[in-house]
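Heads up, the thing below is written out as C-alpha coordinates.
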(Lines give C-alpha, C1' and ligand atoms only; values in the text may rest on other atoms or scores of the structure.)
Protein backbone atom coordinates (compact mmCIF):
# COMPACT_ATOMS: atom_id res chain seq x y z
CA UNK A 1 0.00 0.00 0.00
CA UNK A 2 1.24 3.47 -0.93
CA UNK A 3 -0.37 6.70 0.17
CA UNK A 4 0.86 10.21 -0.56
CA UNK A 5 -0.82 13.10 1.25
CA UNK A 6 0.15 16.66 2.03
CA UNK A 7 -0.72 19.42 4.43
CA UNK A 8 0.09 23.12 4.71
CA UNK A 9 1.56 25.08 7.56
CA UNK A 10 1.84 28.80 8.06
CA UNK A 11 5.02 30.08 9.65
CA UNK A 12 5.10 33.37 11.53
CA UNK A 13 8.72 34.45 11.68
CA UNK A 14 11.80 34.42 9.46
CA UNK A 15 13.23 31.52 11.46
CA UNK A 16 11.01 29.13 13.33
CA UNK A 17 10.79 25.45 14.23
CA UNK A 18 7.28 23.95 14.21
CA UNK A 19 6.43 20.52 15.65
CA UNK A 20 4.45 18.61 12.99
CA UNK A 21 4.48 15.17 14.66
CA UNK A 22 0.69 15.04 15.18
CA UNK A 23 -0.02 15.98 11.56
CA UNK A 24 2.20 13.16 10.30
CA UNK A 25 0.77 10.69 12.84
CA UNK A 26 -2.76 11.44 11.60
CA UNK A 27 -1.77 10.47 8.06
CA UNK A 28 -0.13 7.25 9.28
CA UNK A 29 -3.30 6.38 11.24
CA UNK A 30 -5.48 7.14 8.22
CA UNK A 31 -3.36 4.79 6.08
CA UNK A 32 -4.19 1.92 8.49
CA UNK A 33 -0.86 0.21 7.81
CA UNK A 34 0.66 -1.86 10.61
CA UNK A 35 4.30 -1.96 9.55
CA UNK A 36 6.10 0.13 7.02
CA UNK A 37 8.02 3.22 6.09
CA UNK A 38 6.99 6.89 6.30
CA UNK A 39 8.95 9.53 4.38
CA UNK A 40 8.21 13.21 5.03
CA UNK A 41 9.41 15.70 2.42
CA UNK A 42 9.33 19.49 2.02
CA UNK A 43 9.25 20.85 -1.55
CA UNK A 44 11.10 24.02 -0.51
CA UNK A 45 14.72 25.13 -0.72
CA UNK A 46 14.79 27.46 2.30
CA UNK A 47 13.14 25.14 4.82
CA UNK A 48 14.06 21.73 6.24
CA UNK A 49 12.89 18.78 8.33
CA UNK A 50 14.59 17.21 11.31
CA UNK A 51 13.80 14.92 14.22
CA UNK A 52 14.81 16.30 17.60
CA UNK A 53 13.61 17.09 21.11
CA UNK A 54 10.06 18.39 21.29
CA UNK A 55 9.85 18.72 25.08
CA UNK A 56 11.99 21.71 26.08
CA UNK A 57 11.42 24.57 23.57
CA UNK A 58 14.91 25.91 24.32
CA UNK A 59 16.39 23.10 22.16
CA UNK A 60 14.59 24.54 19.12
CA UNK A 61 15.88 28.02 19.99
CA UNK A 62 19.47 26.75 20.36
CA UNK A 63 19.30 25.02 16.97
CA UNK A 64 18.18 28.24 15.26
CA UNK A 65 20.58 30.47 17.21
CA UNK A 66 23.69 28.39 16.59
CA UNK A 67 22.84 27.87 12.91
CA UNK A 68 22.46 31.66 12.61
CA UNK A 69 25.85 32.12 14.27
CA UNK A 70 27.54 29.68 11.86
CA UNK A 71 25.68 31.08 8.84
CA UNK A 72 24.77 34.74 9.37
CA UNK A 73 21.99 36.19 7.23
CA UNK A 74 24.36 38.79 5.76
CA UNK A 75 27.79 37.47 4.89
CA UNK A 76 28.82 38.50 1.34
CA UNK A 77 26.83 35.80 -0.36
CA UNK A 78 26.84 35.54 -4.16
CA UNK A 79 23.07 34.84 -4.28
CA UNK A 80 21.35 38.22 -4.27
CA UNK A 81 17.97 37.42 -2.74
CA UNK A 82 19.06 37.84 0.89
CA UNK A 83 18.25 34.23 1.79
CA UNK A 84 21.43 32.36 0.96
CA UNK A 85 21.87 31.45 4.64
CA UNK A 86 18.45 29.78 4.46
CA UNK A 87 19.43 27.70 1.40
CA UNK A 88 22.62 26.47 3.07
CA UNK A 89 20.83 25.61 6.34
CA UNK A 90 18.26 23.68 4.30
CA UNK A 91 21.01 21.49 2.82
CA UNK A 92 22.75 21.02 6.18
CA UNK A 93 19.58 19.90 7.99
CA UNK A 94 18.02 18.15 4.98
CA UNK A 95 14.63 18.37 3.34
CA UNK A 96 13.25 14.95 4.29
CA UNK A 97 13.08 12.55 7.21
CA UNK A 98 12.48 8.79 7.10
CA UNK A 99 10.52 7.09 9.86
CA UNK A 100 9.44 3.55 10.63
CA UNK A 101 5.87 2.44 11.39
CA UNK A 102 5.37 -0.48 13.77
CA UNK A 103 2.15 -1.66 15.50
CA UNK A 104 0.31 1.01 13.47
CA UNK A 105 2.23 3.95 14.97
CA UNK A 106 5.35 5.95 14.15
CA UNK A 107 8.47 4.65 15.91
CA UNK A 108 9.77 7.67 17.85
CA UNK A 109 12.00 7.89 20.91
CA UNK A 110 10.63 9.38 24.13
CA UNK A 111 11.88 12.88 23.32
CA UNK A 112 11.64 12.81 19.54
CA UNK A 113 9.31 14.96 17.50
CA UNK A 114 9.20 15.72 13.78
CA UNK A 115 10.23 19.35 13.38
CA UNK A 116 9.62 21.63 10.40
CA UNK A 117 12.41 24.21 10.16
CA UNK A 118 11.54 27.55 8.58
CA UNK A 119 14.62 29.55 7.57
CA UNK A 120 13.07 32.21 5.31
CA UNK A 121 9.57 32.96 6.55
CA UNK A 122 6.99 33.92 7.30
CA UNK A 123 5.46 31.82 4.54
CA UNK A 124 2.79 29.31 3.70
CA UNK A 125 4.63 25.96 3.42
CA UNK A 126 3.73 22.48 2.20
CA UNK A 127 4.68 19.14 3.77
CA UNK A 128 4.32 15.91 1.77
CA UNK A 129 4.00 12.53 3.47
CA UNK A 130 4.46 9.10 1.88
CA UNK A 131 3.34 5.97 3.73
CA UNK A 132 4.55 2.69 2.25
CA UNK A 133 3.80 -0.88 3.27
CA UNK A 134 3.46 -4.32 1.70
CA UNK A 135 0.01 -4.79 3.24
CA UNK B 1 8.35 -3.26 -8.26
CA UNK B 2 11.96 -2.55 -7.36
CA UNK B 3 14.53 -1.21 -9.77
CA UNK B 4 18.14 -0.34 -8.97
CA UNK B 5 20.18 1.47 -11.63
CA UNK B 6 23.30 3.58 -11.60
CA UNK B 7 25.03 6.19 -13.69
CA UNK B 8 28.45 7.84 -13.66
CA UNK B 9 29.39 11.48 -13.60
CA UNK B 10 32.73 13.14 -14.14
CA UNK B 11 33.53 16.12 -11.95
CA UNK B 12 35.98 18.78 -13.09
CA UNK B 13 37.10 20.60 -9.97
CA UNK B 14 37.96 19.80 -6.35
CA UNK B 15 34.63 21.25 -5.21
CA UNK B 16 31.66 21.34 -7.51
CA UNK B 17 27.89 20.94 -7.41
CA UNK B 18 26.34 19.14 -10.40
CA UNK B 19 22.59 19.06 -11.11
CA UNK B 20 21.61 15.41 -11.70
CA UNK B 21 17.81 15.84 -11.67
CA UNK B 22 17.34 14.84 -15.31
CA UNK B 23 19.42 11.67 -14.91
CA UNK B 24 17.31 10.56 -11.95
CA UNK B 25 14.06 11.52 -13.72
CA UNK B 26 15.02 9.32 -16.70
CA UNK B 27 15.35 6.30 -14.40
CA UNK B 28 11.99 7.02 -12.77
CA UNK B 29 10.36 7.30 -16.22
CA UNK B 30 12.01 4.06 -17.33
CA UNK B 31 10.62 2.26 -14.25
CA UNK B 32 7.07 3.20 -15.36
CA UNK B 33 5.85 3.37 -11.75
CA UNK B 34 3.01 5.76 -10.95
CA UNK B 35 3.45 6.19 -7.21
CA UNK B 36 6.35 5.28 -5.02
CA UNK B 37 9.66 6.11 -3.47
CA UNK B 38 12.99 7.01 -5.09
CA UNK B 39 16.20 6.85 -3.06
CA UNK B 40 19.40 8.24 -4.59
CA UNK B 41 22.68 7.14 -2.99
CA UNK B 42 26.38 7.89 -3.57
CA UNK B 43 28.87 5.14 -2.64
CA UNK B 44 31.56 7.71 -1.85
CA UNK B 45 32.84 9.23 1.41
CA UNK B 46 34.02 12.59 0.04
CA UNK B 47 30.91 13.48 -1.95
CA UNK B 48 27.25 14.05 -1.01
CA UNK B 49 23.73 14.56 -2.32
CA UNK B 50 21.32 17.35 -1.51
CA UNK B 51 18.14 18.92 -2.86
CA UNK B 52 18.33 22.68 -3.31
CA UNK B 53 17.81 25.52 -5.77
CA UNK B 54 18.83 24.72 -9.33
CA UNK B 55 17.84 28.07 -10.87
CA UNK B 56 20.41 30.65 -9.72
CA UNK B 57 23.92 29.07 -9.86
CA UNK B 58 25.07 31.46 -7.12
CA UNK B 59 23.25 29.29 -4.55
CA UNK B 60 25.55 26.37 -5.41
CA UNK B 61 28.57 28.67 -5.10
CA UNK B 62 27.42 29.97 -1.71
CA UNK B 63 26.93 26.41 -0.40
CA UNK B 64 30.49 25.45 -1.40
CA UNK B 65 32.04 28.74 -0.22
CA UNK B 66 30.45 28.75 3.22
CA UNK B 67 31.16 25.05 3.80
CA UNK B 68 34.81 25.77 2.91
CA UNK B 69 34.83 28.65 5.38
CA UNK B 70 33.42 26.46 8.19
CA UNK B 71 35.68 23.52 7.28
CA UNK B 72 38.90 24.74 5.63
CA UNK B 73 40.88 22.24 3.55
CA UNK B 74 43.92 22.62 5.81
CA UNK B 75 43.11 22.77 9.50
CA UNK B 76 45.33 20.37 11.51
CA UNK B 77 43.30 17.31 10.69
CA UNK B 78 44.36 13.88 12.04
CA UNK B 79 43.56 12.17 8.70
CA UNK B 80 46.67 12.56 6.55
CA UNK B 81 45.25 12.36 3.04
CA UNK B 82 44.44 16.06 2.74
CA UNK B 83 40.72 15.48 2.29
CA UNK B 84 39.36 15.39 5.82
CA UNK B 85 37.30 18.51 5.12
CA UNK B 86 35.61 16.55 2.30
CA UNK B 87 34.74 13.62 4.60
CA UNK B 88 33.17 15.94 7.18
CA UNK B 89 31.17 17.86 4.56
CA UNK B 90 29.94 14.52 3.21
CA UNK B 91 28.51 13.61 6.62
CA UNK B 92 27.00 17.07 7.15
CA UNK B 93 25.19 17.13 3.80
CA UNK B 94 24.50 13.39 3.68
CA UNK B 95 25.11 10.73 1.05
CA UNK B 96 21.53 10.02 0.03
CA UNK B 97 18.25 11.80 -0.73
CA UNK B 98 14.74 10.35 -0.62
CA UNK B 99 12.12 11.53 -3.08
CA UNK B 100 8.48 10.73 -3.78
CA UNK B 101 7.02 9.71 -7.12
CA UNK B 102 3.45 10.73 -7.93
CA UNK B 103 1.61 10.65 -11.27
CA UNK B 104 4.73 8.98 -12.74
CA UNK B 105 7.06 11.92 -11.97
CA UNK B 106 9.36 12.97 -9.14
CA UNK B 107 7.69 15.32 -6.65
CA UNK B 108 9.92 18.41 -6.61
CA UNK B 109 9.17 21.99 -5.64
CA UNK B 110 9.43 24.74 -8.26
CA UNK B 111 13.04 25.56 -7.40
CA UNK B 112 14.24 22.14 -6.31
CA UNK B 113 16.86 20.10 -8.13
CA UNK B 114 18.84 17.02 -7.08
CA UNK B 115 22.42 18.15 -6.60
CA UNK B 116 25.55 16.01 -6.54
CA UNK B 117 28.19 17.61 -4.30
CA UNK B 118 31.82 16.90 -5.12
CA UNK B 119 34.18 17.76 -2.27
CA UNK B 120 37.38 15.99 -3.37
CA UNK B 121 37.48 15.98 -7.16
CA UNK B 122 38.03 15.97 -9.98
CA UNK B 123 36.93 12.33 -10.08
CA UNK B 124 34.73 9.83 -11.86
CA UNK B 125 31.76 9.27 -9.49
CA UNK B 126 28.87 6.83 -9.32
CA UNK B 127 25.24 7.56 -8.41
CA UNK B 128 22.88 4.69 -7.53
CA UNK B 129 19.09 5.07 -7.83
CA UNK B 130 16.43 2.83 -6.30
CA UNK B 131 12.81 3.10 -7.43
CA UNK B 132 10.29 1.28 -5.26
CA UNK B 133 6.56 0.81 -5.70
CA UNK B 134 3.85 -1.72 -4.92
CA UNK B 135 2.73 -1.79 -8.53
CA UNK C 1 8.49 -8.26 2.83
CA UNK C 2 8.97 -5.91 5.77
CA UNK C 3 11.16 -6.65 8.76
CA UNK C 4 11.86 -4.31 11.66
CA UNK C 5 14.55 -5.33 14.14
CA UNK C 6 16.66 -3.48 16.66
CA UNK C 7 19.90 -3.89 18.55
CA UNK C 8 21.58 -2.07 21.42
CA UNK C 9 25.03 -0.58 21.67
CA UNK C 10 26.93 0.73 24.67
CA UNK C 11 29.03 3.81 24.15
CA UNK C 12 32.02 4.54 26.37
CA UNK C 13 32.73 8.25 26.01
CA UNK C 14 30.79 11.50 25.71
CA UNK C 15 31.61 11.66 22.01
CA UNK C 16 32.34 8.55 20.03
CA UNK C 17 31.76 7.08 16.58
CA UNK C 18 31.01 3.35 16.46
CA UNK C 19 31.02 1.29 13.25
CA UNK C 20 27.74 -0.69 13.16
CA UNK C 21 27.99 -1.98 9.57
CA UNK C 22 28.25 -5.65 10.55
CA UNK C 23 25.22 -5.45 12.86
CA UNK C 24 23.09 -3.98 10.07
CA UNK C 25 24.44 -6.49 7.52
CA UNK C 26 23.43 -9.38 9.79
CA UNK C 27 19.82 -8.15 9.82
CA UNK C 28 19.80 -7.77 6.03
CA UNK C 29 21.16 -11.33 5.65
CA UNK C 30 18.55 -12.65 8.11
CA UNK C 31 15.77 -11.01 6.07
CA UNK C 32 16.87 -13.04 3.02
CA UNK C 33 15.74 -10.31 0.61
CA UNK C 34 17.60 -9.97 -2.68
CA UNK C 35 16.75 -6.39 -3.63
CA UNK C 36 15.27 -3.65 -1.54
CA UNK C 37 15.68 -0.78 0.85
CA UNK C 38 17.22 -0.66 4.32
CA UNK C 39 16.52 2.28 6.63
CA UNK C 40 18.50 2.56 9.89
CA UNK C 41 17.07 4.88 12.56
CA UNK C 42 18.13 5.98 16.05
CA UNK C 43 15.34 6.93 18.49
CA UNK C 44 17.60 9.42 20.27
CA UNK C 45 17.98 13.20 20.09
CA UNK C 46 21.67 13.46 21.08
CA UNK C 47 23.03 10.78 18.74
CA UNK C 48 23.09 10.39 14.95
CA UNK C 49 23.86 8.08 12.05
CA UNK C 50 26.10 8.70 9.08
CA UNK C 51 27.89 6.79 6.34
CA UNK C 52 31.59 7.58 6.05
CA UNK C 53 35.07 6.09 5.93
CA UNK C 54 35.59 3.11 8.22
CA UNK C 55 39.22 2.37 7.28
CA UNK C 56 41.36 5.13 8.83
CA UNK C 57 40.08 5.86 12.39
CA UNK C 58 41.42 9.41 12.13
CA UNK C 59 38.44 10.32 9.91
CA UNK C 60 36.11 9.57 12.83
CA UNK C 61 38.28 11.67 15.13
CA UNK C 62 38.29 14.60 12.68
CA UNK C 63 34.49 14.50 12.38
CA UNK C 64 34.08 14.69 16.17
CA UNK C 65 36.84 17.30 16.63
CA UNK C 66 35.61 19.70 13.98
CA UNK C 67 31.98 19.37 15.07
CA UNK C 68 33.11 20.19 18.62
CA UNK C 69 34.98 23.23 17.31
CA UNK C 70 31.91 24.50 15.42
CA UNK C 71 29.57 23.68 18.33
CA UNK C 72 31.42 23.83 21.66
CA UNK C 73 29.85 22.00 24.61
CA UNK C 74 29.58 25.25 26.57
CA UNK C 75 28.42 28.24 24.55
CA UNK C 76 25.60 30.10 26.29
CA UNK C 77 22.89 27.71 25.20
CA UNK C 78 19.29 28.28 26.29
CA UNK C 79 18.74 24.56 26.99
CA UNK C 80 19.96 23.95 30.53
CA UNK C 81 20.91 20.27 30.45
CA UNK C 82 24.47 20.81 29.20
CA UNK C 83 23.92 18.81 26.01
CA UNK C 84 22.58 21.38 23.56
CA UNK C 85 25.65 20.91 21.37
CA UNK C 86 24.70 17.21 21.11
CA UNK C 87 21.12 18.04 20.02
CA UNK C 88 22.36 20.39 17.28
CA UNK C 89 24.97 17.90 16.02
CA UNK C 90 22.23 15.25 15.90
CA UNK C 91 20.15 17.44 13.55
CA UNK C 92 23.18 18.36 11.40
CA UNK C 93 24.28 14.74 10.88
CA UNK C 94 20.77 13.27 10.92
CA UNK C 95 19.19 10.39 12.82
CA UNK C 96 18.69 7.93 9.96
CA UNK C 97 20.48 6.57 6.90
CA UNK C 98 18.93 4.91 3.87
CA UNK C 99 20.75 2.10 2.08
CA UNK C 100 20.07 -0.11 -0.92
CA UNK C 101 20.18 -3.91 -0.94
CA UNK C 102 21.26 -5.66 -4.14
CA UNK C 103 22.25 -9.32 -4.68
CA UNK C 104 21.32 -9.92 -1.02
CA UNK C 105 23.91 -7.48 0.39
CA UNK C 106 24.05 -3.82 1.36
CA UNK C 107 25.32 -1.57 -1.42
CA UNK C 108 28.32 0.23 0.10
CA UNK C 109 31.32 1.87 -1.51
CA UNK C 110 34.82 0.49 -0.83
CA UNK C 111 35.45 2.87 2.07
CA UNK C 112 31.91 3.24 3.39
CA UNK C 113 30.73 2.03 6.77
CA UNK C 114 27.57 2.79 8.75
CA UNK C 115 28.63 4.91 11.71
CA UNK C 116 26.72 5.50 14.94
CA UNK C 117 27.59 8.94 16.35
CA UNK C 118 27.35 9.37 20.11
CA UNK C 119 27.31 13.03 21.15
CA UNK C 120 26.16 12.75 24.79
CA UNK C 121 27.45 9.46 26.18
CA UNK C 122 28.40 7.19 27.65
CA UNK C 123 24.98 5.59 27.29
CA UNK C 124 23.11 2.48 26.28
CA UNK C 125 21.67 3.25 22.83
CA UNK C 126 19.18 1.60 20.49
CA UNK C 127 19.40 1.23 16.71
CA UNK C 128 16.32 0.25 14.69
CA UNK C 129 16.60 -1.34 11.24
CA UNK C 130 13.88 -1.67 8.63
CA UNK C 131 14.34 -3.96 5.63
CA UNK C 132 11.77 -3.56 2.86
CA UNK C 133 11.33 -5.51 -0.36
CA UNK C 134 8.58 -6.57 -2.72
CA UNK C 135 9.68 -10.21 -2.49
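Per-chain numbering from 1; labels A, B and C assigned in written order.
In this text, a residue touches a chain if its C-beta (ideal position, glycine included) is under 8 Å from a C-beta of that chain, and two chains touch if they have at least 3 such contacts.
All of these numbers come straight from a predicted model, not from anything done at the bench.
Novice: Determine the shape of the graph in which chains are vertices and touching pairs are edges (line, ring, star, complete, other).
Specialist: Topology of touching chains reads as complete, every chain touching all others.
Novice: What is the Cα-based rotation angle between copies subunit A and subunit C, on a 0 to 180° scale and rounded to a multiple of 5?
Specialist: Nearest-5 rotation angle for the superposition: 120 degrees.
Novice: Per the centroid of Cα atoms for each chain, what is the distance between subunit B and subunit C, given in Å?
Specialist: Distance between chain centres: 20 Å.
Novice: Give me the residues of subunit A that touch two or more other chains.
Specialist: 37, 70, 92, 94, 98, 132, 134
Novice: Considering the complex alone, what residue numbers of subunit B touch subunit C?
Specialist: Touch residues, subunit B against subunit C: 1-2, 4, 37, 39, 41-45, 70-71, 75, 77-81, 84, 87-88, 90-92, 94-96, 98, 126, 128, 130, 132, 134.
Novice: Spell out the residues on subunit A that touch subunit C in their complex, using ranges where they run on.
Specialist: Result: residues 35-37, 50-53, 56, 58-59, 61-63, 65-67, 70, 92-94, 97-100, 102, 107-112, 132-134 of subunit A touch subunit C.
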